[in-house]
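To start, I am sharing the structure in question, which I have written as structure tokens.
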Amino acid sequence: MSVEPNPNGGVPVEADPVGADFDAPAQTPASPQQKGMFGISGTGDVSGFGGLVRRRPELVGSPKPYGGYFDEVTDALEEAYPGFADAIEKVVVDRGELTLHIVPEKIAEVAQIMRDDEALRFELLSSLSGVDYLGSDPRRLHICYELVSMTYRRRIRLEAAIPAGASLPSVTTVYPTADWQERETYDMFGVIFTGHPNLTRVLMPDDWEGFPQRKDYPLGGVPVEYKGAEIPPPDQRRVYQ
Amino acid sequence: MGIEEKLPSGILLTSVEKLSNWARKSSFWGATFGLACCAIEMMAAGAPHYDLGRWGMEVFRASPRQADLMIVAGRVSQKMAPVVRQIYDQMPEPRSVISMGVCASSGGMFNNYAIVQGVDHIIPVDIYLPGCPPRPEMLIDAILKMREKVMAAPLGPTGRKMLEARKAEGKVPIVAPGAMPSSYRADKVRSAEWTQAVKEGREEQLRIENWMKLQPHMREDHK
Amino acid sequence: MTSSTTDDSVYATERETTEGRVFNVTGGDWDTVTGSIDPLSNEKIVVNMGPQHPSTHGVLRLVLELEGETVTEARPVVGYLHTGIEKSLEYRNWVQGVTFVTRADYLAPMFNEAGYCLAVEKLLGITDEITERANTIRVLFMELNRISSHLVWLGTTGLELGAISMMLYGFREREHILQIFEETSGLRMNAAYIRPGGVAQDLPPSAEKKIRDFLVYMPKKLKEYEAMLSGQAIWHERTKGVAVLDVTGCLALGVTGPVLRSAGLAWDLRKTMPYCGYETYEFDVPTATTADVWGRYLVRIAEIKESLKIVEQAMDRLKPGPVMIADKKIAWPAQLAVGLDGMGNSLEHVAKIMGQSMESLIHHFKLVTEGFRVPPGQVYVGIEHPRGELGVHAVSDGGTHPYRVHMRDPSFVNLQAIPAMAEGALLADVIAGGASLDPVMGGCDR
């Protein structure tokens, strides 16, 4: 975190007030990149004597050794999978969890190795979910695969990132449990899984348009009337970040 | 049946009306429409501890064709909305609807794309019951109020004409049927008090005053 | 099913000639062809069960293709209770998220809350700072909730298989647990009691007494249920050999919980990947080997007994202490007490924040309006829910609102097993199989 003098003193001169405006477009709470209390951008410091500029930490891979069983797992994967160097984009060890960022096209292959190799034996796909990193990553849709090895009692996460509208192979041939979970990820985020037996909407009605859990999809509430007040829907209320 | 159309308006029709309404209210058969958490509280109301069987409601008919009370218990999602409407349409007249819980009454805490903001967007509702989830006793209160409303319902076109005539003459009961809290209705003194308050337009104030009287620190003899 | 005839005499004879292949078609073939298809056994009807149906555990829709009474294809359709909980969480702060998450799987609200709070605490890095009393109370309430969830399962499964009185007994016992919850948190269900950092309020002595009484009362009732169901021939007929799903099937479909344990694999996250201090409690993981509805019934009854053991151990080790972490910048600031006008902030706490400590006032204000910030990152926490593994994948971007929270609900994943259990079985077995999976649509659809 560096300390730099901020030209405007950090006060946003042309920003519109964030408030209870019914016609305001859906406002997903913005990431607090450089916002302080009460939504002030920059430092909010009007004195001009320099302020604290908080930079968003970059997501960097962790250096080896990773610690614990993580080294074993990555070494076993490297041994078993010849295309390891091409497939793994990044290895992140954070809060006691290992995340392998995989090139999307290779995800089914990697999943197969993870399940079948003797040293890995990740038999169970616990969870498959999507995350939308709109604004902070050009490949905005990330799909997280949580694998559990019952033999070795370990957990690991595989993450694949694709831009909106792209597709990646389905892992249903390796883990049939991914069937409905991939359908849910498609339903909510619009991620297309090639090779899925039946990629249709599972939670929303079949003819729904749009992908609700994307960040640019509005929450869709209505203003609520009370006696003497009207409260706007949650995505249009004042946000304290 | 036809008898309600053939009878001329008068004492005979009124008696038949009262008899038919009494039969209807004493054995409401609910259509199972439990959706979410409120359904569990509805089941708990049917369970031994709170026992809806005391009012003839222990039976919940799965088929809407045989039901006359639909308790919409739980959040109604966009996908479920046409189903709600279809079940309501399949119920024969006379039918009533209680929307149980805040999600059914107004969308509740889920003010978003997925939940219909109140089942009254889809079907007409007779009693709204707030709560998240409402206690079984609150559901019982709502059912008792529904019974009162049913007791006062007109029978057939002639019955409706009689009701209109009564309204035109101003011979309506002071307290609308279904508006008095069940704990007041049972007691003659309190129900007279409530009726008086309704006449003056201060029934909620009366309720608050009575509640305050029960609080130990507000009693005059409190040390 | 169409009898695929390998008898070629029904097809026209062919021979090669100088002009090419010549077929010799005679009219008599058609009768042979139609005669080989049995009109009675080839009639398939499509039956739609639900979403409004007394036996589908909520709003589950099953589209069944029946041939007589045998199910040839079963397609579950879910989504009738989709509430957008995960998206709503992105617009609330981390503590408000508890009230949303608790209503996902409404029969086991404590587990939803616990999973979410464990994920938030892992993101915050304060898992080790949760006080012992808070962890003990969490375990206590989770196990009580497990018992009440299994009681509802017993009740509804009994109801669906015809043992209607089981419904009444299950709900009668559940009332005791709901009264314990009400005594402690104020609400019978969906209490928002477990919060990031600890639990919302301390366990009052009246609740402790109720729990002790329950521990004495419940085993007697369990004996009654076993006498009523386990020994009964009809129950055996309806549940033995029905809806079999072996270990391979379970693992492939991602099915965890009592269903997996009824197939023989003793995978219980409380033992294999413990959390909240579960490694210090003594309990067994019941399994069965039959992988059918009967096995699941036995596993769940045994789990109620194990949960009672854990509740007793938790009650014995309750020591006075704080129930929220010491870090004032995260701990929920309210000290609630039941006063003359109901439950609210205790008078001492109000006096403190208004009169004595400026810091407490600031903390109270900031935590309630803005909420605490969680450093960026993502975690996945899995806990042993009555229905299987409940996973919470929480992503934070450094702010006061969750960036993304995904709940891996066991009901959603377990329901994929319905076609595997139902196809080839009789219609009544579909009901029994579906009931034994114990799906709760609130969790499934979120």
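Note that the chains are named A, B and C in the order they appear, and that numbering of residues resets to 1 at the start of each chain.
Quick note on the criterion: contacts are C-beta pairs under 8 Å (C-beta built on N, C-alpha and C of every residue); 3 or more make two chains touch, one makes a residue touch a chain.
Note that the coordinates shown come from a computational prediction; the quantities given were computed from them, not determined experimentally.
Participant: Using each chain's Cα centroid, which is most distant from the centroid of chain A?
Facilitator: Following the centroid criterion, the farthest chain would be B.
Participant: Go through A-B and B-C and name the pair with more C-beta contacts between its chains.
Facilitator: Here the pair linked by more C-beta pairs in contact is B-C.
Participant: Which chain, with its centre taken as the mean C-alpha position, is closest to the global C-alpha centre?
Facilitator: Central chain is C.
Participant: Rounded to a whole Å, what is the gap between the Cα centroids of chain A and chain C?
Facilitator: Chain centres of chain A and chain C, defined by C-alpha means, are spaced 25 Å apart.
Participant: So the centre of each chain is just the mean of its C-alpha atoms; given that, what is the distance between chain A and chain B in Å?
Facilitator: Here chain A and chain B have centroids separated by 47 Å.
Participant: Hey, how far is the Cα centre of chain B from the one of chain C, in Å?
Facilitator: Chain centres of chain B and chain C, defined by C-alpha means, are spaced 33 Å apart.
Participant: What are the residue numbers in chain B that touch two or more other chains?
Facilitator: Within chain B, residues 78-79, 112-114 contact more than one other chain.
Participant: Tell me, which residues of chain C touch at least two other chains?
Facilitator: If we look for residues of chain C contacting two or more partner chains, we find 79, 82, 84, 87-88, 445.
Participant: Residues of chain A that contact two or more other chains, please.
Facilitator: 204-205, 212, 219, 234
Participant: Which residues of chain C touch chain A in their complex?
Facilitator: Within the complex, chain C contacts chain A at residues 78-79, 82, 84, 86-88, 90-92, 122-123, 125, 251-256, 265, 267, 272-273, 369-371, 373, 376-380, 382, 389, 391, 393, 395, 397-401, 403-404, 406, 408, 412-413, 415-416, 445-446.
Participant: For a test of understanding, state which residues of chain A touch chain B in their complex under the given definition.
Facilitator: Against chain B, chain A makes touches at 204-205, 208, 212, 217-222, 224, 233-234.
Participant: So in the complex, which bits of chain C are touching chain B?
Facilitator: 51-54, 58-59, 79-85, 87-88, 99-100, 103, 106-107, 152, 167-168, 171-172, 174-175, 178, 188-190, 340-341, 441-442, 445
Participant: In the complex formed with chain C, which residues of chain B make contact?
Facilitator: 32-37, 39-41, 43-44, 46-49, 60, 62, 64, 74-75, 77-80, 83, 87, 109-110, 112-115, 132-133, 135, 215-217
Participant: Taking the touch rule as given, give the residues of chain A at its contact with chain C in the complex, in rising order.
Facilitator: 28-29, 31-32, 37, 56-57, 94-97, 99, 123-127, 129-132, 136, 144, 146, 148, 150, 153, 155, 157, 175-181, 184, 188, 201-205, 212-213, 219, 234-235, 239-241
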